[in-house]
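Look for subunit A in each of the two complexes below; its partner is subunit B in the first and subunit C in the second.
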Partner chain A sequence: MFATGLDWAAWAVAVPLVGALLAGLLPRLGPVLGLVFGLLTALAVAGAVMGVWHEGPVRAGLGGWDVPLGIALSLDGLAALMLAMTAVVGLAVSIYALGYLRSSQTRGKFWALWLWLWASMNALFLSGDVFNIYVTLELVGLAAVALTALSGGAAALGAAMRYLLVSLLGSLAYLMGVALLYGGYGVLDLAALGAAMEPDKVSRLAAVLMTVGLLMKTALFPLHVWLPPAHGSAPAPVSAVLSALVVKASFYLILRLWLDVFPVLTVPGFELFMGALGAGALLWGSLLALRAARLKQVVAYSTVAQLGYLFLVFPLMAVTPGAWQAVVFFALAHACAKATVFLAAGSLQKAAGHDRLAQLGAVMRKEPVTVFAFGIAGASLVGLPLTGGFIAKWLLVDVALQGHAWGWASLVLAGGLLAGGYVFRVLGHAFGRGSVNPDHRPVPAVMVWSTLVLALVSVALGFAGAASLELLALHGGRT
Partner chain B sequence: MNASWLLIFILMSSLVPGLLIFFLREESHGLRTALNLGGAGLKLILVGYLLLGVQRGDVYELRAVLLPGVELVLAADSLSLLFATLSTLLWFVTTIYAVGYLEGSPNHSRFFGFFSLCVSATVGIAFSGNLITFLIFYEILTLATWPLVVHRGTAQSLRAGRLYLAYTLAGGALLLAAMVWLALLAGSGDFKPGGYLMGLEQEFPTQLKLIFAMLVAGFGVKAALVPLHSWLPRAMVAPAPVSALLHAVAVVKAGAFGIVRVVDDVYGLTLVLELGLDLPLMAAAVITIVYGSVRALFADDIKRRLAFSTVSQVSYIVLGVALAGPLGAVGGLVHLVHQGLMKITLFFCAGNFAETLHIHKVSELKGVGRRMPLTMLAFTLGALGMIGAPPLAGFISKWYLGLGALQMEQHWVLAALVVSSLLNAAYFLPPVIRGWFGRREEPWHDEHMKHHRFETHWMLLGPTLFVAAVAVAAGVLAGMPYSPLDWVSLIVEREYAPTGGGL
Partner chain C sequence: MIPLYLIGGAALFALGLHALVVRRHLVLKVLALNVMGSGVFMVLLALAARGGAEPDAVPHALVLTGIVVAVSATAFALALILRVKAVTGRAYLPERNGDDPA
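Showing the complex of A and B:
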């Protein structure tokens, strides 16, 4: 039988799940299993993306059982793009991790947890009803917390504990919202809920609970305080995945809900409020990134800042309905760039044995390729050409100006300049004069080159704008 | 294969060697120099071939879709070639100079890698066929020059680098906003003589004026229009070949070239006149010309004086296009080349003085004419050219600018030109006079460069004399075919053909 996009999508969940089980049973084979199942997952994702491209959005019950009995999978352009983003970043991170994780103890746990996380994220992107989303959300959260705690040590455990609390609290709020919706409408399916949605009090309460829960997991300012310690203290491949993908997963859900389910519920001032939070994140995160003394902290605060852009989707959509596509493209560009930056930071930390910026100069001069990758990805974060970040910035300014939203356009540009501040602050150390570090440990080649390749993906994204928008236009229309 | 791929090859001829150089080991001097000069030489040949093609009237154009309605366009018209030829020629000589200059200092691979990226970006700017393509290369240029500015790694150069980035990134952000806005009003059209905005002035006069101001300000950062110029004198901490390239072809010229493109090929002269944008632009240029000259007068450091002179001289180009008449345009565009040639001569000379005898200040130049006569001769020719002494290149520029001012009946501009020439003389003649006629009492500093046959290292002296000779030739032989003036006349004829102005 000819495999459809949806079959491929189901494989994209099943393959990493099997991989996770095997890696859990055979921890010694972790790296091999991780690489093989990572590649297979990426292949399945490619099939799913091609399927959407050719056949348009699809949805179906798993194994022929449709709602309300079975589990429905739904695949459209947005979900496909998220799958692809996860696959590209995930593959690069997997290869990087081969070199990064040397001690056998963490290595055994890492691969099982990471493949589990990957499977859960793919399932999350493909879920078509609010309860399944809850389940996948919990799975993603638990896997992410476990990965954060992986490096051991008091700092990592403390950060993981805090992350766990926030994550559980967020899921709980979300689940309460789901209960309210189910009580009110008797359905869980996204499309059915969207069609039935009435702007009454219960629905509003549900929307607030679900959104706040997801905002906590997305670490939107001022709910961001758990993120920098968690992302800053985790091993580099984990930081990359958390910053690039995991926060995007909960953002994806917010976007999905407000695109397909809740649009009738918007009240005046809501968009502005969300936009203001985004602006706060952008300014506050950038400020802290400009002041942070450690490299990984700079990058983590940069994530706090850049997440602010994502929430401009609300005010921008109020003036230009198509604005969400620009924001999704931004999320894509940010994922690739931020993962690269975290991987590069991890390499430098490995080489130097610490990540204090002030003493990192000598190591940076010894690792030009890593610094070069950092520079390219940094340029994408700033929004300089020829990178995905530039196209994203162009699109954001474009939708803002289309709606005559001068303030938001200026904010987008100002955010780019602030990013320039902290990116070049780091790069400046590579040019400074300083003594040579005596105990410099060379970075394994597999780490250097996987980082560089991911950086080049950022450049490739600079040419993928048109194709991505075309894919995103294949939205909704689920049958 | 399509002939338009020539444009890609020209870009690649410096990009590929540049990227390869990054991966070379520090010790492989021979291979690095071979890659550098090979790329530079190949580019020179390819540009020469393109030059013949464009003169025949061949069309070179490549397009790729970036976003719906937004295209990346590479195209070669006669104006592109003016800029491309200049940068290719000067890159070649500056590479030789830089190899000699940096001998014995660390981080060569990094330096030459970014040096090549910088030239690729400049040539990309020359071949940009629309505003967004221009912006892309313009921002890449910012990225590629920053490592060169901070190359020495001292606290001072890192500070200068920060200032440079703060100015240029902010300018880039302004340009992005202006270009998106313009694309919303008029679509993203290609550069074409006479512009592509005609007809919109009825509906959006205020918007168009505002966008024009944003574009000029954004490009004005790199063109060092007052008050956006203060990064330039500080960026002088960079090594001399970098300063030379920054001032003569790359950064500053990219800004000026952007303004030329906006006035000539986006708005078009008719629209600029109709919206009354010529006068403010002219005023900005004249203020910059006079202000830069006055500041140069009070700078004792040679490179700093040259930097303020650049601030002043680059605005002649802006003034020329702002005059919005054919003769003024000839003056402005030809100055794009002339200023480049003369300024690179002066910077090479300053580098020679600094490297050979540790002279950094005008007051230390006394008697240097006896010790380094050839360099001093080149310096004198460059300085006289800048002042505008006939028949040197600067004179040709100023002559056409003056004629342009008279043609458009802007007599006050003529007065400004006279004042600025007097100021030029006031700050360029003292070093010349001191160098030839001053007498040095104490012996020269320890000379740290190995040079037995010539007054300094041959790789420093050769390029200096070569560019000085080209600068002189550009003036003396201005009437010959293929001289800058001849080529500029061709551009202006094509530009003004629709509106019927003549020379």
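Showing the complex of A and C:
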């Protein structure tokens, strides 16, 4: 009997979980376990994606226990694409981390936590009911905070503590929403809730609580203040995972809820409000990225800015219902590009021993491959042709123009110009004059090449737009 | 009787939120989050009793799972506070006024 897509998806959760347990018990074998279980997870994800591609969306209760007491798994095109995004970025980060993590203490803890985070994110993408989403959300949050605190310095610990408080508050707001929804409808299943949803006061309160809780975790402007210190002070592989994947996980939930459960609750002005927050994020994040003095801070504020694009999904969906597919493709392109940029920044920081932008020029000239990878991924962030970012912005502008939303279309283009400003501000240092830094430490080859490969993936994405949209069309929210 | 528990749960949630914002010591902030969590659990339990004679088992299962999650999260938070205190000498969040890209 052939395994179905859902069997593969269940393995995509179980495999990294087993890997995390083993890596926790045998910290010395962490790198080997991380690599082996990372590859196996990616294989399981490939099976799940092929399953959706051939069989369409599926859902089932784990172990034959159906809802309400069982754990429902649900796999459709959107979930499959998120699994794939996590697997591609996760593999590149795992290989990079082999070279990056040298101190045995950090290394022993990193692999268990990272595989745990990977398993939790996969479980989150596959959850079919609002309470299991709460549990996976909490697992993702705790693993992400632990990884942030990994380096153990005062800055990292403070940032991790703030991140933990925001994350727990967000989860509790979400859980209160779940309680209200169960009180109103007596079901937890996403599809059943979506079918029964009525625009009454309790449902609206639940939607507000859940959305605000998830917005805190997604760090949408003006709830973003915790993000730059956390993403900026974590070790580079962790920063890459946090910025590329973890914030996308809570965004995925916002999108999932507003696509499948809450659409009847929208009130006039709601879309505009969310879009305005997105625009605020785009402008404010970009301005701070232009001003930041340290390379990793530039990249972290760039994340604040780029998250703004994701929330254009609300105003764009109001004028073109299929707009969410363009936004998901943007999230995919951003994940690959942002992870590359953080990995490249980590390599430069390792080589120079610091990441003060003004003094990085000499080191950048000694690391041409890393700077090249930074440049390619930066081009994708800006949205220059031949990159995934270009196709993503093309799709966004296209859906905006289809709905005659000229304002949102020009905002997408203006955001690209601002991104160009901070990307070229960094790259400009590579072309300046100045003496070669005597403290330059060569970057391990495994870090250089894993970064470059991920950069090339963000170019290859430019040719995967049609396939991604076809996969997203297999949407199974309402079975 | 049941509205009383619902209102009590909501009040605990609001009280915890207030303390989380106002209190500055990290242990108090974590306690505030626990109070908020208890508020959510109380709302769930009130909803479970609503049906009549037989209480609904699903919210009870949710609360049990929620307690497990809350215990783990609290343990982790307390461990992190100990590290913050050991490294910085203070159990408070670092001073930070909004965005500071420097």
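Note that the second predicted complex is superposed on the first by the 476 of 479 C-alpha atoms of A that agree within 3 Å, B and C clash if a C-alpha of one lies under 4 Å from a C-alpha of the other, contacts with A are read in each partner's own complex, and residues count from 1 in each chain.
The definition used in the following text is that a contact is a pair of C-beta atoms (placed from the backbone, for glycine too) under 8 Å apart; a residue touches a chain by one contact, two chains touch by 3 or more.
Everything numeric here is computed off the predicted structure, so don't read it as measured data.
Of the two partner chains placed by the overlay, neither subunit B nor subunit C lies in contact with A:L307. After overlaying the two complexes on the shared chain, residue contacts for A:M317 are found with neither subunit B nor subunit C. Once the two complexes are overlaid on the shared chain, A:V397 sits against subunit B while remaining clear of subunit C.
Residue contacts after overlaying the shared chain place A:M176 against subunit C, while subunit B stays out of touching range. Legend: residue contacts after superposition of the two complexes on their common chain; A:A466 is shown touching subunit B, with no touch to subunit C. For subunit A, the partner touching the most residues, choosing from subunit B and subunit C, is C. Looking at the shared chain after the overlay, A:G416 reaches subunit B, while subunit C stays out of its contact range. Considering their complex, residues 13, 17, 20, 26, 29, 33, 36-37, 39-40, 43-44, 47, 50, 56-59, 61-62, 65-66, 69, 72-73, 76-77, 80-81, 83-84, 87-88, 93-94, 96, 98-99, 101-102 of subunit C touch subunit A.
Residues of subunit B that touch subunit A in their complex: 22-23, 64-68, 70, 110, 132, 135-137, 139-140, 142-143, 146-147, 150-151, 153-154, 157-158, 161-162, 165, 169-170, 172-174, 176-177, 180-181, 183-184. Per the touch definition, subunit A reaches subunit B in the complex via residues 368-369, 372, 375, 379, 382, 384-386, 390-391, 393-395, 397-398, 401-402, 409-410, 413-414, 416-417, 420, 424, 428, 431-433, 462-463, 465-466, 469. Looking at the complex, you find that subunit A touches subunit C at residues 68-69, 131, 134-135, 138, 142, 145-146, 149, 152-155, 157-158, 160-162, 164-165, 168-169, 172, 175-176, 178-180, 182-183, 186, 188, 225, 228-229, 284, 288-289, 291-294, 297, 301.
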